[in-house]
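A, B, C and D label the chains in the order they appear, each numbered from 1.
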Amino acid sequence: MAMTDSGTDFRTRMQNWLPKIVLAPSFAIMVIFVYGFIAFTIYLSFTGSRMLPTFDLVGWQNYERLFRVRQWDTAVVNLAIFASLYIVISTIIGLMLAIFLDQKIRGEGALRPIFLYPMALSFIVTGTAWKWMLDPAIGLEATFRMWGWESFTFDWIKDSDMAIYTIVIAAVWQSSGFVMAMFLAGLRGIDNEILKAAQMDGASNVQMYRRIILPQLRPAFLSAFVILSHLAIKSYDLVVAMTDGGPGTSTWMPAVFMYEYTFTRNQMGIGAASAVIMLMTVAAIMVPYLYAELREKK
Amino acid sequence: MRMMKITGAALVLMSSTAIVHADNVEVLHWWTSGGEAAALNVLKGDLEGQGVGWTDMPVAGGGGSDAMTVLRARVTAGDPPTAVQMLGFSIQDWAAEGALANLNGLAEEQGWADVVPAALQQFSTFEGNWVSAPVNVHSTNWVWANSAIMAELGLEQPGSWDEFVAAMEAAEAAGYTALAHGGQAWQDATIFDSMVMGVGGPDFYQAAMVDLDPEALGSEQMVEAFQRMETLRGFVDDNFSGRDWNLASAMVANGEALFQIMGDWAKGEFIAAGQTAGEEFQCFRVPGTEGTVTFNSDQFAMFNVTDDASMASQMAMASAVMSPEFQVAFNTVKGSVPARTDISDAEFDACGQLGMAQLADAAANGGLFGSMAHGHANNPSVQNAMYDVITAHFNGEFDAATAAEEMVTAVELAM
Amino acid sequence: MAVASNENAMRTSRVTRVLIYVTLLVFSLFYLLPLGIMLINSLKPLSEITGGGMIALPQQWTIEPWLSAWSSAQIGVEPTGLRPYFMNSIAMAVPAVIISTVIGALNGYVLTKWHFRGATIVFGLLLFSCFIPFQIVLIPMARILGILEIAGTTYGLILVHVVYGIGFSTLYFRNYYAAFPTELVRAAQIDGAGFFQIFWRIMLPSSGPIIAVCCIWQFTNIWNDFLFGASFASGGAAPMTVALNNLVNSSTGVREYNVHFAGAIMAAAPTLLVYIVAGRYFVRGLMAGSVKG
Amino acid sequence: MGFLDINNVTKSYGAVEVLHRVDIEVEEGEFLVLVGPSGCGKSTLLNMIAGLESITGGEISIKDRVMNGVHPSKRNIAMVFQSYALYPNMSVAQNITFGLEMHGTPKPERDQALKEVGALLQIDHLLDRKPGQLSGGQRQRVAMGRALVRNPDVFLFDEPLSNLDAKLRVDMRTEIKKLHQKLKTTIVYVTHDQIEAMTLSTRIAVMFNGYVQQLGTPKEIYDTPENVFVATFMGSPAMNVVPAKVEMVDGLPHARIARADGDDALLAFAQENMAEWAGKNILLGIRPEAITDPESADRASNSIAAMSNRVGVTEPAGADTFVTMILGGKDVIARMRADTTVAAGEMFDFAVNMEKAVAFDPQTEARIKP
């Protein structure tokens, strides 16, 4: 609704400027606090900063070191395992629960908040609770053994090779209810007449979901994917609270790596380099999505 | 004219708030649990008695790493706290940044140089200037043992590595957990310190852990230290990974486990369980490290403050920290020993008195070394690089020989 | 924004329905278990926990841990309990949620109803900001808070949360308002309503569901934040999460797990309450447009 | 100068011109309908009059005041939207008086105006309800009430009836017409429905592809369409347009058209200047009601041609029966009396009223004027 004519009266001109004025602070904030800081981090990654930022450029040295550090490989591999499992399992469970809840279930009003509430907890609380639950000495394993199932063993959290999967369990617990809410919203938004038509066409329930309903949930799938992948890449609190990166460094993730190197190990330059790699990964996922999303909406 | 007045009023207001601030010390620390926080409260009371207010800034977690992050944010913001609880090399790093105040006047007046062991002064001074006030010395090469189990199995305090292993084998055979341990990087490293000291002695410890000599790091002795770690690994229970140290202490106190290798803060757990040093539990040096003390020392590093009033209250705080009364009051609670060696041990229990005597002895004979595990042997990047190798090895990712090699590369990368 | 009726055209057999109910029950157990364990253990004396038996019911019920966590546990040098920090969190979260929601609503309004050249790019920039790892902003942010002289204060924390909350709140409102009939805005323009009058009189009164979604989301994120709270507002202005961490994570002291659990539940209580009370609006709000994004 | 003057107005989005040099003068009290298929530019033009879209070139003035760049609320116009655009959070009364409130009209006057409009539109009993509680027809009335209450110089209607069901649409159409006759205000009305255009308007602008194809009274548009588009767009069923060749028979121009069985029919033109097109191909437009059974042929016409052809399909529609046949290779519809006895597949003698026939240039599709 932009009006560019000359001779426009004051009020109209004002109304033309207002939207931009209103958006300007947000824009300025983003430029400084997000993109300025990103630029600063990129700059830092080329400096020899250790405890505090310094401004001596050292070229690609930090990146070279980063890729020689064993923990970085661990962190990247862990992120790959964690992100793919977390996203896939949360989506499957979320979708399943949403479909089940959509079958005119008695007590839906009580079940929904039960599924949803973990999202309300901070990762610190979630991590602590699961750490206790999965601890073989006092948690599930001990309980089952106490109840007489002597051979029951579930000690993944103590096992370097399996510990990352316990983090997947806790993360899925936290987010799958939220995914369920998104799918449920999507399901409830589908026009019932289409379903009736499909029934007349003789589609079975399974066919109906596979052929008619799921394709229509594409936006919910996309939203879930974006939210879950951003949680996965940012996952820090949960790891710290649950395993503190252990056993050993077997559950490190890039965000943990970055924090450790920047703030605990006084290697700010390498920390910044890892942050830049993380940002580039996020951008590689997000930019195509945003591009498609924003073009479509025009 | 009106402008002038308003500006004038604003100035008065600003300076008055500045004065209010000046009478306060803002203290960043991670002593938040019951006993130690209560001990700190002694210091607070002392200062308030002198008209110096206390602004508390506790940040717990990660052995102070979260607190260090906060500190960095505060310094970057141009608003550092007055005093910060700090460990070892962090003090040197901050001093190198020029962020710390000069306490020389007070130190000279009170003769700190004469009463604080030289090994501690390495950390409290930077380029010859006092920058922090040491609160305590924790020694980290202690073994904590359950007296009842020892009596049951007819064990004496072991005097050598072999006796130590034999004692653990006996405990294991009797169905006890031989060694209570928590699989966290810093706990693994705490044990490792003692193994290095025990295998190679003080000179080797100095070469490998402090001077970071690649030859020492990759030497046969280092391989042997790692082999001892493997031996110990055989004596811990299956469920050790990620366990907090205090739960490991509880295992010894409850009679589930025979030994724990841990710093002197573990004593607090036994006392909290209603036990007494020398009776229900006992303490001795890790076999092979007798005569040496690996330590870490909590200190209050004093940050640069600008105005006179703030400096005055900062000095008051430094003075209070170094006062014998506080050193006694704090350390009896904390389990550690005073940073001053001229204090009476009357108030301390058996382990405390032993610790004080051994500290004075080691300080006199050059047996006092900063603990690598607690950031008193080298800077944090090297320290954590070592952690990575030690923990990975302890969790079975490398054999001892590979671990020694990894140690060399990890340290090189971190420098 | 007509919502399709709840009626589902599908018919399911009896066996299937039983299976569905069983699955749902199993999952609700899975979701409830951790909270249940925290609750049980917060009502036990410490000796019962350290003596093993995390999952067993208390032999001796006690609310002592709760009282202690609330008003007498040692957080710093003084045994204040979590109470003062709870208030800090309220003082931080409420303004931050309100401000970021208002800004998000205005942004969404401008981006959908007053589209101008370059607006899409601005939105893209805003959206991408949701996805940066927050660790990277700590140091530069600290510097800026220092320059503004609000380092270490609740105001500083509010600013930080508003800044990094704008992305999501704008996303929510933009997607919601995209489905809001533009004709209403045109009608109001002809009626003589100005930019802000249209927003205030026409848009806002119809934004109930999305305001609920946005507030729930922001409140949860801000309340649960630890990183910013610890870095920018330790000491007197520390929020609940930082205090909880001080309570739970003290490194070399005796650990009172029952008090920790009580504290953890307390820290989670406001967000839990919000989800339980307003959860249905959340789903409804998501339905009303935000999942379309 | 007209009351509402659209003078050489163009509209471009970037490099794309979507509205080309529109020139319409609307007199006071006139009911102008902008009609055309979707995407023809009619709504854009309406929005430009309203001030909701900027004017790229030319001028729009109301009462001799140039409106370019004037804020919508300062133009003294009112608009009724397709979706009615009732504010969902306000009651009917608030909806109606919102504009007055925004213009600073004091409360007593607003109440008075509300009362009058409520009575006029018979919605007094709905004033406290919310739009969500109203039926489609009621919402339509409220939307009109909101426009009326402002007492504007020009009313703008943007497809106001398209969301109503067929029956209600006819009723509301009549109502709008009555209202116009009573209030004598100037109205610009956008629709894609040619029946609404014909019934309501005093003048129609038929638009297509951003051009005004023809501007005229309903009768002009119907009887003398300027081109094939206007001819086929207006009227239902649409005008039959078939290819034909002009031949001189007995010195008079005739149209030669292929019949269903392959041989040709010859129809004498009433339009004399068709002689100039002798030997050339044209497009001949004949409205369905101009092809009848001989008994119902227009008595007033001086030029009824007889044509026999094979009947394709018959569709009795109550008042009339529509008959489809092949003519000039195309389906052509004829409109017969209801009780005509005609059967599919048989030959039948049709009467063609050539006075109502129009000829088009096949190249330009423009009408060949008499």
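Note that in this section a contact is a pair of C-beta atoms (placed from the backbone, for glycine too) under 8 Å apart; a residue touches a chain by one contact, two chains touch by 3 or more.
Bear in mind that the values here come from a model prediction, so they are computed numbers and not experimental data.
Taking the mean Cα position of each chain as its centre, D sits at the greatest distance from chain A. Ranked by C-beta contact pairs, the top interface belongs to chains A-C. Between chain B and chain C, the centres computed from C-alpha atoms are 38 Å apart.
In terms of their C-alpha centroids, the spacing between chain A and chain C amounts to 15 Å. With centres defined as mean CA coordinates, chain D is found 56 Å away from chain A. Across the assembly, chain D contributes residues 51-52, 71 that each touch 2 or more other chains. Counting only residues that touch two or more partner chains, chain B has 62, 69, 72, 76. Within chain A, the positions touching two or more other chains are listed as 1-2, 11, 15, 52-53, 135, 137, 259, 263. Chain B makes touch with chain C in their complex at residues 26, 28, 30-38, 40-41, 44, 54-64, 66, 69-70, 72-74, 76-79, 244, 246-247, 250, 254, 265, 268-269, 272, 334. Interface residues of chain C, counted against chain B in their complex, comprise 50-51, 74-79, 138-139, 141-143, 145-147, 151-152, 230-232, 234-236, 242, 245-256.
Across the complex, chain A meets chain B through its residues 50-53, 65, 68-71, 131, 135-137, 155, 157-160, 243-250, 259-260, 263-267.
On the chain D side of its complex with chain C, the touching residues are 47, 50-52, 71-73, 77-79, 81-83, 85-90, 98-99, 102-103, 146, 150. Chain contact summary for the complex, chain A toward chain C: residues 1-2, 11, 15, 18-20, 22-23, 25-27, 29-38, 40-41, 52-53, 93, 96-97, 100-105, 109, 111-126, 128-130, 132-133, 135, 137-140, 142-143, 146, 173, 177, 181-182, 184-186, 188-192, 195-196, 199, 205, 208, 219-220, 223, 230, 233-234, 236-237, 255, 258-259, 262-263, 268, 272, 275, 278-279, 282-283, 286-287, 290-291, 293-294, 297-298.
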